[in-house]
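Look at the two complexes coming up: chain A is in both, with chain B in one and chain C in the other.
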Partner chain A sequence: MKKYIFIFKTTIMDSLQYIMNIILGFVTYILIIFIFLNLWQYIYTDPEKLINGYSLQQMIWYVILTETIWFGTRNGAIISQISNDIKSGAIAYVINKPYHYVIYMIVRNLGEIAIKFFLYLCAGLTLGYIWVGRIPEFNPIYIPLIIMILISATLINNFLTMSISLLSFWIEDAAPFHWIYVKILLILGILFPVEMFPVWAQPIIRSSPIYVITYGPVKLIISFSREIFTSVLLAQVIYLLGSFLLLMGLYQKGVKKINVNGG
Partner chain B sequence: MVAINVKNLTKKYRVKVKEKGLTGSMKSIIHPKYKEITAVDNISFSVKKGEIIAFIGPNGAGKSTTIKMLTGILYPDKGDISVLDISPTQRRKKLAYKIGTVFGQKEQLWTHLTPYDNFKFFGAIYDIADSDVEKQIEKLTAIFELDDFINTPVRNLSLGQRIRCEIVASLIHEPEILFLDEPTIGLDPVVKENIRTLIKQMNKEYGTTVFLTSHDVGDIEKLCKRIIIVNHGMIVMDDSMNNLKYNYLNKKIVEIKLKEAVDFSGDDGITVLKSKSNNLKLEVDTCKKSISDAMKLIDADNIIDINISNVPLENIITDIYKEGRHIN
Partner chain C sequence: MLTAAKQQTKVLFLSVKYNIMREMTNHVTFLMNIIFMVLNNATFIVQWLLLFQLKSDIGGYVLSDVLILWGLAASTFGISHIFFSQAFKLPYLIMNGKLDSFLVQPKNVLLAVISSGTNTSAIGDLIYGYIIILIFRFSLYNLLIFTLVSILGSIILTAFGVIVGSLSFWIIRGDILSQNLISAVINFATYPEGIFKGVVRLTLYTVVPVGLINYLPLQIVLNFNFTSLLIIIGAAIIFVALAFLVFYRGLRRYSSGNLMISRI
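This part shows the complex of A and B:
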């Protein structure tokens, strides 16, 4: 365990070199939030009105928080590194150390997004407070539970994206699959809450990873209830186990296919 | 004591074959064709503890594939491997604690961090107590003379400094075997020499077994007492460096500058390698003709300049590659 904590610490030290890159990423983040702020203000002609159970304030906070999760936890560098390492055979030089490669990459990923997520969270909370005021109905007592749910959400997202990268053991390029995954997450889980979609689509979205990665955790922040918490927690446990087993299974099968040419 | 034991090791790759052009590309999607390449073909050898061995061969001979199987990275198709009495494929993690690897063309260090932070990282990876890591860093820093740049980010180091740090990172856990895959590639002669001295010193002081692959004859000549040559996945030679030199040093290269041309064609034991006006480069097989007999063929007054040397090891190895013959 100690070695993985050290890997986490080392990755944070390494990622501190990229602070300026993270800050430059704020431009797109703020722009998207600004567009949705104006869009929802236009749609909500009466600020007191509720649309599908959401007030204007809740809707804006929903977008800000899902955007924060999306921007703060996405890690293209690690994801493409896994694919590239497999394709180029460079994975061979990483797996010959006394750690489990998959856990090593999970911890590195967490280390890389830790600082980024914290910075985006600070920026998101500040922007939200300036533009629409504090989060309605938010009770700080729930913070530990929300942190737990957010960590699980990040892990599930990690496991799924890493599983997609591991497909490179069998296919030439996993990038199109990443593209599809990210776009589905963006459209169905980030820009609009599930309640905004047609009734027939809602059960599908609620049973998809979107529910446990973006919608569920954010719903808990903007209107916490014991029922939603239990439902999200249960779904997260299932997804955590399922995605972890998928990831490990793919690795165990794929690692035997390592083909290192050259040298 | 045996450090590495390999028996009948075989590794085959399946490589996609594509016909030419766009039609070929389309066909390969519908009916992909593969061909099998035997990278390592039924090789057997063993390495004693404390030995420095050169495992060499031309590009694509199967050297790196063998190293990767010895370190548990690749799974062999056939054969048995035992490294320090551990099966690399079954107990890769256990073996990783006992071996170190340096791949000259691949970085294992974190480039934004300093060598010191990197060494601490590797210490943690190998479950070494903090105090022991500090002692080990201190010791290796002195041996490898890293004092001047131990706190400089790796990305700002020269190639020679980086390779020294790479080797130190591989030694932090005091491995019993060090696998070096072209450790001096791209380095200038002074740094190469420095690295060779350090590897020798480490072998002498800690009894570390060194398994080296390199295209640099200097590395082989100056470090190794035994040499295994592979070609087309097979061992074409496994012998001591002394025997190799003894068997091949029966040939001498004679470079002569003459006043008047002399014809050596038809002389048994003398091969004319190069002839340009009155300058000759001859190869004399001393088993057939002694140097003194060869010299008697030329009038001493006719000689302006003469140089007699051994055949360079590089040429010997190239000949063995080309001949692909089995000495052992």
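This part shows the complex of A and C:
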């Protein structure tokens, strides 16, 4: 365990060297939020009007917070590096190291996104406050519970993303599967809350990982309720376990396909 | 001069042909990249279906207009990334001193650089554009207009990519600046122009020329206007001239990375 804590610490120290790069990357994030601000302002002709239970202010905050989770926790390393390690054969050199490759990648990823997420959160909260004012119905007393839910959501997303990357053991390029996963997450979870979808589609979305990765955590921030918290927590426990087993299962199966030719 | 242009075009097409042949060595991956990119673009139909349920017109556009805008953005992006995908990787090539092998070639350096790679998934983008126009505006005339404005849009997009990419000759972290500006074009390209107002709208026709790449071409597809077409042709000429000017000015500042690499 000590070695993983050490890896986590060194990755954080490393990412502190690139803070300027992270801040310069804010432009795209701000731009997307700006586009949605304009879009929703156009659709909400009356700011007091409720659309599927959301006021304009809540809708903007929903998009800001889901985009913050998305931009702050996405990491090219678990998308491209795992695939590249498999494709290039570099994985043969890391599986005999005194750590588990998958755990190493999880810990490294958490170290890389910790600072990034914090910076994006600060930027998102500032932007939201300037554009639409404070988060309605937000109660700081729930912050510890929300942090717990956010960490679980990040882990589930990481496990699923890494599982897709591990498909490179069987197909050369897993990128197309990443595109589809990201787009499903984007359309069904980041851009719109579940309530915006037709009634028949809502139970499907609520039982998918989207519910626990984006919708659930953000819904708790903009309108906390004990019922939603319990249902999100329960669903997260199931998905956390399921996605971790899937990840480990794929790795165990895939690693058997490695051929070392020497040289 | 005409012969030189003809030869240069021939080299360009040969370069793209061999790029695609190289990508096709793994048929499954090649096809998957294309098919999944079509599906990837199609997922956004859900977004617009939902939004148009809330309001019948968004920024003056109806659902079919937005989907044609999407198709146009995809085909413009597709053409530029099939023929000139390296234009969008210029900062990386400049910062890592990887232009050496192009400098000793007898043909035009800029064209050789930007046509030296093809993005396979961009073929999927191009196909998606044509699927959309076939579904919503099927006629030979519309296909021709769509092709013409897509080519013009892709020329402006590529030239814009070269201009902002060449900033890396002068600026440290020019890669991030260029990436941000290109992503601005791509992000704005799929949303109706009418939702933006004032200075932002002006910016979309100047600093981030998405108006010239997508919005004006869409108006031509929906309702042909010769003046708008002339404006786009004029803009394409100006952007290309600027791209050559900025790239060659910047090239004077280029220093080799002394890397021994071979281009096959």
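The criterion applied here is as follows: the second predicted complex is superposed on the first by the 260 of 263 C-alpha atoms of A that agree within 3 Å, B and C clash if a C-alpha of one lies under 4 Å from a C-alpha of the other, contacts with A are read in each partner's own complex, and residues count from 1 in each chain.
FYI, a contact is a pair of C-beta atoms (placed from the backbone, for glycine too) under 8 Å apart; a residue touches a chain by one contact, two chains touch by 3 or more.
This is a predicted model, so every value here is computed, not measured.
Engineer: After the alignment on chain A, I want to confirm one thing: do chain B and chain C clash, or do they fit together?
Structural biologist: Overlaying the two structures gives chain B and chain C room side by side.
Engineer: Quick one: is A:W170 in contact with chain B, with chain C, with both, or with neither? Answer first, second, both or neither.
Structural biologist: neither
Engineer: Please work out whether A:K2 is in contact with chain B alone, chain C alone, both, or neither, and reply first, second, both or neither.
Structural biologist: Touch status of A:K2: first partner only.
Engineer: Specify the angle subtended at the CA centre of chain A by the CA centres of chain B and chain C, expressed in degrees to the nearest 10.
Structural biologist: 80
Engineer: For A:F118, select first, second, both or neither according to whether it touches chain B, chain C, the two together, or no partner.
Structural biologist: In the superposition, A:F118 touches no partner, neither chain B nor chain C.
Engineer: If you stack the two complexes on chain A, which partner ends up touching A:G25: first (chain B), second (chain C), both, or neither?
Structural biologist: A:G25 sits against chain C, while chain B stays out of touch.
Engineer: Going by the contact rule stated at the top, is it chain B or chain C that touches a larger number of residues on chain A?
Structural biologist: It is C that touches the greater number of chain A residues.
Engineer: Name the contact category of A:Y129: first (chain B only), second (chain C only), both, or neither.
Structural biologist: Neither partner.
Engineer: Please work out how little space separates the C-alpha atoms of chain B and chain C at their nearest point after superposition, in whole Å.
Structural biologist: For chain B and chain C in the superposition, the minimum C-alpha gap reads 6 Å.
Engineer: In the complex, go through chain C and note every residue touching chain A.
Structural biologist: Of all residues in chain C, those touching chain A are 26, 28-29, 32-33, 35-37, 39-40, 43-44, 46-47, 50-51, 54-55, 58-59, 121, 173, 176-177, 179-180, 183-184, 187-188, 191, 194-197, 200.
Engineer: Give the list of chain B residues in touch with chain A in this complex.
Structural biologist: Those residues of chain B that touch chain A are 13, 59, 63-65, 67-68, 71-75, 92-94, 96-97, 101, 103, 105-106, 108, 110, 112-113, 117, 120-121, 124-127, 181-182, 213.
Engineer: Mind pulling up the chain A residues that touch chain B in the complex?
Structural biologist: For this pair, the touching residues of chain A are 2-3, 6-7, 10, 13-14, 17, 90, 92-93, 95-100, 256, 258-263.
Engineer: Within their complex, state which residues of chain A touch chain C.
Structural biologist: 20-21, 24-25, 27-28, 31-32, 35, 38-39, 41-43, 51, 171-173, 175-177, 179-180, 183-184, 186-188, 191-192, 196-197
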